[in-house]
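Both of the next two complexes hold chain A, though its partner changes from chain B to chain C.
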Partner chain A sequence: MAPPAAELSHLPKADGSANFSFGGYTITAAVNGPVEAQRRDENPFEALVDVNVRPAAGVGGTAERQLEAILQPALRHLIAIRNFPRCVVQVTLQVMEAPENAYVNSKVMQPRLNLGIIPSLLHAAMLGLLTAAIPLNTVASATCLAITNATAGTTIKVDPSPTEIDQATSVHVLGFTAGRDLLIAESEGSFTAEEWDRVLQTAENVCCRGQETGNDAEMGGYGAESENVLQFMRSVLEAKAAESLHWR
Partner chain B sequence: MSSETIFVLPGDRIDASLIPSHEKKPLRLGPGLRHVPPSDLVPTLAGQLVTDRQKNAIRVETANGRYIPRVGELVIGTVNKSAQEVYFVSLSDYTAPALLPQLSFESATKKTRPILLPGALVYARVTLANKHMDAELECVSASTGKADGLGPLVGGMLFTISLGMARLLMMPKKAQQGRLVVLDELADAGVQFETATGRNGRLWVDSDSTKAIIAVGRAVQETDEKSLGVDEQRRLVKRLIKELS
Partner chain C sequence: MAAEAGLSRSTFAKLSPHPYLLANLEPSSDSAAPTRSNGRAPFEVRKPTVNLSSLSHAHGSALVRTGDTTVICGIRGETILTEHIPNYRASNTQTELSDYDLLVPNIELATGSAPQFLPGGPPTTLAQTLSTRIYSLLHSSKLLRAEDLRIWHKRAADVPIPADGEEVMEESDGEKYVAAYWVLYIDIFFISFDGNPFDAAWAATVAALRDTKLPQARYDPDREMILCSRKDPRPLTVASIPIACTAVIFTGKETKDQAPDGKFWLLADPDTLEESLCNETVTIVVDCAGGSRRILSISKHGGTAMTAKLLGSKDFLDWASKRWEDFASAITGTRL
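Up next, the complex of A and B:
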């Protein structure tokens, strides 16, 4: 699988913006904030987080609203919302590209939850928030896992392709903060408690791998194909900071 | 200026050796850092960690984003409307306006206060920046009663620039430290103009000829957007001078 790619601050009018592509998905995030909230929505103690997911084609429907409902509480935990009372932070996530299988058939029949897109949406939103210089408590990353029941036994696939998701018995999305706290847990399909434990373990290793040095040997083996996104984000942001703060 | 450039992400651990310690001065935290009691310092922005050991201060430097008012910073605001005692001044788009008391101008009294119409520009200092209250501004130094260059900006044009560029323009030695020569080059080429920079990403330019105002403003904006180097800035200025004459 191709390594993740990102472009930062490419939209001139938004406070922060990022283009993130990984696993066939390309997401553009535009972040504006903190701006004044509308009178009827404002919260006197904390900032609102307004997440808007737009599909690659057409207007958003119930599937996009569900994605927003999954992402919004996660981002609320990350943003230091108590620093900005009566404000709103707008996060707009536009799907630019999706792998072939993702929208073609499901869109025609009925809207259904597309778990595979959540990690890309979260990572794009993170990069957008970081370039908009919105204070965050911590950073986070997510991963998608699929369990397949074959004759050889159950296998866990990290970052599955849309076809693999179709064939899987269950699909899971787990997000972790840099401090190894569970942030997102969404599952679809049937699975046992033991399988869930394995999934949790694998996802934690994928998301938080390389956070501490010295544990590398123990953590090898889980999909070398999946790049550690937190390290990737750090390197692109560091390059951007070095470029824009060249005078330091 | 410290030469060490450490990049941090929100929630990173800051190495204890990077936190300055001073016998007498208290530790000052700049933007982008959060104090978690009892003794943890956690960055909240992605940027370069800057340690100033002389001032016993530490901060995270970023160049993008929206302006958040902080006490003591010089800003250029646009008057939105006037109320009984205060002007409502907008510092950035879509944010709550800041308050500028009508009497906080040099030698202003109840009878002689400057009348500012909606759209007028003011160069002001932030005196109050509290998360639960609207920011407050002043155009006069509270201790001396002198304006010190603050006050209404008459004529000229306002240009929007990034926060990093605004910071660069406000540096005393921007040519040596910041490699920003575009304004000096324009002045050397014989263009006469006057500028004021607000920390909120606003650049005000005034000159006798409108052409010169636009040329200066556009030159700074282009330098900002394309992050031009010294040579590219010189080339840009040469091209603009040719177009001006």
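Up next, the complex of A and C:
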């Protein structure tokens, strides 16, 4: 699978913007804020977080509302919202590309929740918030896992393709903050408590591995090809900062 | 305590609901047990009651009530000829339900069920989110089998068919094919709304599907339409009873930042007031039919108080199993 790619601050009018692509998904995030909230929505103690997800084709439907309902509380937890009373932070996430699944009749409007897209949406939103210089409590990353029951036993696949998601017995999306706290959990399919324990373990290792030590030995067991997204975000932001300060 | 300050209980609750709930959960005297504002213990749920087949014109219906949340679900089957389905493939026997959209759930939060729902306007975000969650869970839990929704027809063989009777047709050697499908319209209507909509809506859906009896249907090739008969309606095969269990996490501080001691309360089956005071929610869907516990969905958002360890802990899963028993006996009990 191709490594993640990102482009930062590519939209001239938005306060912060980022393009994130990984696993066939390309998401453009535009972040505006903190700006004054509308009078009827404003909260005198904290900033509102407004998340808009727009699909690659057509207008958003109920599935997009559900994605927003998953991402909004997560971003709200990450942003230091109490620093900006009566304000709103607007995060717009436009899906630019989604992976094709050649085996399935793909419909333009998908009423069903697409779990595979959540990590990319979250990462794009994180990069957008960071380039907009919105104060954050912490950063987070997410990963998608699929459990397949083959005759050889159950296997956990990290960052599955849409085909693998279709064939999986259960699909899980888990997001962890940089402090190794579980922020998002969203699972569907059928699984046992033991499988759930394994999923939690694997996801924590994928999301948080190598942060403290940066040693490669830890990467052995869990899909070593999938790069740690937090490290990736750090490196692209460092590169961007170095480029912006080049004139000095 | 509140009386000394010159405030009545209800005034205190209205003025500052957050400290009120905290004061109830953390009573100043040791003799009082921690309770929630609604009088329940932190892990106590509202007892569900289920009433089946209350709608006479639906093919199946169920009314579920937990506390002041009352929801009614009606299921109506309509037929669609396969020739009217775009990109229909006869070879597709695995993903018919989702490819041809044979299940159509819709949620209505009725005006008057709660003060925040105003008449007119498009469906609220809550209604849209709920219907997507029901739709996703209907498909991912594999609750229904596609073969219950197929309407078969035997293409006439070359020999002339006797005028009377399907029995003879069954024996003729014509090719058997799916002429049409049943489409299930699952309409979920909130009569009264007091928190925890998903658990009630999902239980109503499962109960109504178990109650659904579709009429006998056959394809009439001369008129090119489906004819139904009222005699011996056929129930759907719903083997499992997945049940959703929701809890919210109350951190005791009005700020979203966690208290330094990390203390929090897991409030099961929250009502509207508790939902408005808590940011973090967790929903687990379990099915314990046949003694083995399967988890069908877990979803947790909005905070980090609920750790991965707690989410996989035995206490939490046992609580879900217990709630499953409550709901399952309420759903199946009234059936007898």
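Heads up, the rule we're going with is that the second predicted complex is superposed on the first by the 232 of 248 C-alpha atoms of A that agree within 3 Å, B and C clash if a C-alpha of one lies under 4 Å from a C-alpha of the other, contacts with A are read in each partner's own complex, and residues count from 1 in each chain.
Basically, a residue touches a chain if its C-beta (ideal position, glycine included) is under 8 Å from a C-beta of that chain, and two chains touch if they have at least 3 such contacts.
These numbers come from a predicted model, not from an experiment.
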TODO: Once the structures are superposed on A, label A:200 by its partner contacts, choosing first (chain B), second (chain C), both or neither.
DONE: second
Open item on the list: Contacts for A:76 in the overlay, against chain B (first) and chain C (second): which applies, first, second, both or neither?
Closed with: second
Open item on the list: Touch test for A:177: chain B only (first), chain C only (second), both, or neither?
Closed with: both
TODO: Look at A:243 in the shared chain and tell me whether it touches chain B only, chain C only, both, or neither; answer first, second, both or neither.
DONE: first
TODO: Indicate the residue numbers of chain A shared between its chain B interface and its chain C interface, in ascending order.
DONE: 137, 177, 179
- [ ] Would you mind writing out the residues of chain B in touch with chain A in their complex?
- [x] 1, 5, 7, 9-12, 32, 34, 42, 44-48, 50, 61-66, 68, 93-96, 131-132, 162, 164, 168, 171, 177-180, 225, 227
TODO: Under the touch definition given earlier, write down the residues of chain A that touch chain B in their complex.
DONE: 9, 12, 15-16, 32-36, 78, 80, 83-87, 130-139, 177-179, 233-234, 237-238, 241-248
Task: Residue ranges of chain C in contact with chain A within the complex - done: 87, 95, 98-99, 101, 125, 128-129, 131-133, 135-137, 139-142, 254-257, 279-280, 282, 287, 292-304, 306-308, 311-312, 317
TODO: Provide the residue numbers of chain A that touch chain C in the complex, in ascending order.
DONE: 45-46, 61-63, 65-66, 68-70, 73-74, 76-77, 81-82, 104-105, 111-113, 137, 177, 179, 181-193, 196-197, 200, 204
